[in-house]
Amino acid sequence: MAVTSDTPRRSPARAVKLLRESPWSARFGMAVILVYVVAALFAPAIAPYGETEIVGAEYEVWSEQFPIGTDNLGRDMLSRVIYGARNTVGIAFLTTLLAFLIGSIAGLLAATLRGWVDQLLGRTVDVLMAIPSLIFALLILTIVGTSVINMIVVIAVLDSTRVFRLTRAVSMNVVVMDFVESARLRGEGLWWIMRQEILPNIAAPLVAEFGLRFCFVFLTISALSFLGLGIQPPTADWGSMVRDNATLISYGDITPMIPAAAIALLTVGVNFVVDWFLHKTSGLKE
Amino acid sequence: MTDANGDDLLLRIRGLKIEGRTEEGWNEIVHGVDLDLRRGEVLGLIGESGAGKSTIGLAAMGFARDGCRLSAGTIEFDGRELRSAPESARRKLRGNRISYVAQSAAAAFNPAHRLMDQYCEGPVVHGVMGRAEAERDAIDLFERIHLPDPEAIGFRYPHQVSGGQLQRAMTAMAMSCRPDLIVFDEPTTALDVTTQIEVLAAIRDAVEQFGTAAIYITHDLAVVAQMADRIMVLRHGLLVEEGDTRQLLSDPQMEYTRDLLEIRRFRVEERPRPADETPVLEMRGVTAGYGASTVLHDVSLQIHRKRTVAVVGESGSGKSTAARVITGLLPPTAGEVLYDGEPLPARFDRRSTDQLRKLQMIYQMPDTALNPKQRVEMVIGRPLQFYLGLSGSKLRERVRALLDMIELEPDTFIDRLPGELSGGQKQRICIARALAAEPEVILCDEVTSALDPLVAEGILKLLDRLQTEFSLSYMFITHDLATVRAIADEVVVMFQGKVVESGPKSEMFTPPHHDYTDLLLSSVPEMDPDWLDRLLAERAELAKQGRVLKAADN
Amino acid sequence: MDAVLKMVAQRLALGLLTLFVVSLIIFASVEMLPGDVAEEILGQSATPETVAALRRDLGLDRPAHIRYFEWLGDMAQGDFGRSLANKREITELLGTRLWNTLFLAGYAAVIAVPLSLALGILAALYRNSLYDRLVNSATLTSISFPEFFVAYIMIAIFAVSWRWFPAIVNVTAETPLDERLYKAFLPAIVLTMVITAHMMRMTRAAIINLMASPYIEMARLKGLTRRRIILHHALPNALAPIINVIALNLAYLVVGVVVVEVVFVYPGLGQLIIDSVTKRDIPVVQACSLIFALTYILLNLLADILSILSNPRLLHPR
């Protein structure tokens, strides 16, 4: 039984309607993402102190002057949490973007060209994925040294394997369709087939995957920073802030949990939005 | 059939309404249908897709698919109201007193269990018989419906048994508790015509032997004519007409029913093959296959200008592979394809733009042949831009002209996405896309088989009109002999990758024939309610003479 | 059966090949160091003579492929070489730590696998119910939490406020099992929470996916109970996807263990690899990576083979 698919003209009215119908979880997620974006963009204006400015004694308690105290070097925690939005989230976002660029282009090429290109890319990815990515990242970072650029590249390359797999899989579903065959028989070139025939049909799962990948990359980078191998001091970063101040927890002070909660809150928000998006578009493809 | 008001009424449905869930909420699919069924009676439900016939069939079991609900009316089975009955009560009836035969037995048998386990499950769970007794009974039934090797077949897994046999095994399974009513939901639609006969015969035998009542759902009037005592014609969730089979077929009251009966009468006058002309398209001694398996063996055929060649055969006959060779998707291992007497490069990406342009293709499934993200204007406009270099207002004008040609109002349709079109409209857009390239030859791969009969006929008429208007040649790949009768000038019969017979249409429909052609031709159901009886009798007679006509599947 | 044996043999061969390539990568990555291990050991103040001498000592002057096969051979015999940091035998370092890590991962798996399967099947059974939505939101949240966040929450509550469990897990080879179980409870629970969410969601999805198949509708139309449909008709077919889910998560567990070990100062492999990365103790990192990769590959291989064996189409060919 053919259900009339929802293929509306793009219009603001439709977007508003979609928003109004969204469940509380998705709205909550969107609000969270908005707050983080604002914090990241306007960090210098919002934060009471500078990112690396030493403004007081070490481990000062919560006060009017320092709403959530100071850290192990006497820097204002709140300011660092705000700057963390810019650093941690920004770096994770860049990494995800890079991973997507590599993974989706490779995946589209593999699915469209098939043959030896597909074999080569596929086998390479199989091997890369046979090593757990955190371990692989650790190994590579030991060798090339821990710097932000190295980390971005290493994680992006490792993560692009998952993007490749997904892009290839969903593209394969589209490539076998008669309309792609029809375009090939018309004599269309590779670029047209990838850009016009396949991409519009895999956009929805790719967007959802972007959200999920972002969460994964964000958590991986936070974990690396927490382990002292990611974003390096004195840059304000949530993962390393937890690590630097972790001793407080054994004294019953939960301040170091705040940056950890900041990480958790954003991933929860993104996951909620993606979950809703997937639910909305599940009629198209998984 | 005895008195209508009497106690022998088995199923009585009144004012049945069924709703389906959509984005906007609940949407009514069936708008109040009444249905009566007496014990031992076979009722045919017929209609196009979306008529609600399957939904009604399932509702007779007090069942609604996920996303559907029985919103109003009463369903009385043997005096018991099912719609308001608790689920546990309905469960006791299902599989026990009412059972179901699904469209695709291959999908409806659980791949993880042997046929015998699935057969015995019903009787054992419902406490009708013990496991050992059920197994003996299964073997007995398998034998009665002429399944080969009835002792052993039950111990196979579904994927080890062919489609036609599975469908018969499913009929046997439906009989396992000796129900009062069986719902047959398009049980032969997924099968080839030659396989269909045996399944139809098995179903009819089984139903007659046990005096079981049945609801037989199909979109094929000729099939239902063989099976049903009475027919209900449905459309858009409403009853159109109801009557005894013979009476309905000979004297239909409603126009829609008359249209359904008319369908197979459309005929194009056969045009003889022009003498001494180089065929526009020719396959010469083509052998091709995938990997190690050869699908086509030395196939030759010719298509002349302004003519239609129909290539007929069942699934696996290699007819679609032939099309792939012609289009250059599958380079042959031997032989060649000639265009206007000149050999075409074997691979499509070695062919010139002009060679590609002259040979267009229309697909079986309009749903997958159109990019769901491209609007009609782009779908039709792209070949114009790509081949003919049109752009701007010229392009738009031409698209509108093409929409006119395929009888779709340009203003209404030019901005639509495929999701906003019906099946027939989509197929028309596909035709316009092929036409936009200004081709000489169009390959039509089962272009009507995914469509409802009336819509399909509209497409055939359109293709016929366009052929004269634009001097087109068609290669029509089909398994449906009615389509062949309607539109072909010449016929090529394929069987297991070989051409077994070919010639002008008039010759092909008069005996004598190759055995396979005979089997194929005689297996096409006719509207005559006595057709199946006569055919089975004829085949039995032939078998006595030692000439066995049977599907490869058996 | 022959077809199955052939497929299993193919998978095994593929697994071996992958392992070989992975070992090659691990070995080659060190070769790509600017300079080499000898320079790394001696630091920047070393004279060219001392570097050359050490190189000869370590056998670094011989061609790479010969050293690779020697290294591989040694590894296969359990000889991982010596640590650069403290010159101890790596095998010695690994011994108890490997066992500790496997213990922790196994501990978590024993709790998580049955729990998540039960939760997942229940959620599929009562799809769209309040329970389903609640579990869905809860697991989504739990997936979103970084492991160290969950770990510190646990510590703050159960170790600092209530003092039920220790915040630092110091186990040795002599620690008796019951004490081990008690001490490792918090890290095991943290790991359980992380993977249960994944496994439960994937189990639910696998079953729901199956519930849409025609043979499930057929089972319903045969008048079977919901319980029988799920257990007898859906589950046997969901086996392959569920096995995959479990293997995937167990493999993840082995990696997730790293962060949790660091938080709880648990003397396992994860702790060791992090220490060694910080110290750039390359032979140890190599050895640990290889062991992690080996576990990961083996688990995935096992899943592959089990799903072949649970497929009736392959087990009973035409």
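We call the chains A, B and C, going by the order they appear; numbering starts again at 1 in every chain.
What we mean here is this: a contact is a pair of C-beta atoms (placed from the backbone, for glycine too) under 8 Å apart; a residue touches a chain by one contact, two chains touch by 3 or more.
Chain identities (UniProt): A, C = ABC transporter permease; B = ABC transporter ATP-binding protein.
Being a predicted model, the structure only gives us computed values, none of them experimental.
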*Across the interfaces A-B and A-C, which one involves more C-beta pairs in contact?*
A-C
_If you average the CA coordinates per chain, which chain's centre is most distant from that of chain A (ABC transporter permease)?_
B
*Taking each chain's centre as its mean C-alpha position, how far apart are chain B and chain C (ABC transporter permease) in Å?*
50
*Go ahead and note the Å separation of the Cα centroids belonging to chain A (ABC transporter permease) and chain B.*
47
*CA centre of chain A (ABC transporter permease) versus CA centre of chain C (ABC transporter permease): separation in Å?*
23
*Which of the residues in chain C (ABC transporter permease) come into contact with chain B in the complex?*
212-215, 217-225, 228, 233, 236-237, 312-313, 316-318
*In the complex of these two chains, what residues of chain C (ABC transporter permease) are touching chain A (ABC transporter permease)?*
18-19, 21-22, 25-26, 29-30, 32-33, 137, 140-141, 143-149, 152-153, 155-156, 160-161, 167, 251-252, 254-255, 258-259, 262-263, 273-274, 276-278, 280, 282, 285-286, 288-289, 292-293, 296-297, 300
*Within their complex, state which residues of chain A (ABC transporter permease) touch chain B.*
1-7, 177-179, 181-182, 184-188, 196-197, 200-201
*asked:* Applying the document's contact rule, which stretches of chain B touch chain A (ABC transporter permease) when the two form their complex?
replied: 20, 22-23, 29, 49-50, 327-329, 348-349, 351, 353, 356, 361, 363, 365, 368-374, 382-383, 386-387, 417, 419-420, 423, 433, 437
*For chain A (ABC transporter permease), which residues are in contact with chain C (ABC transporter permease) within the complex?*
25, 126-127, 130-136, 138-143, 215, 219, 222-223, 226-229, 239, 242, 246, 249-252, 254, 256-257, 260-261, 263-264, 267-268, 270-272, 275
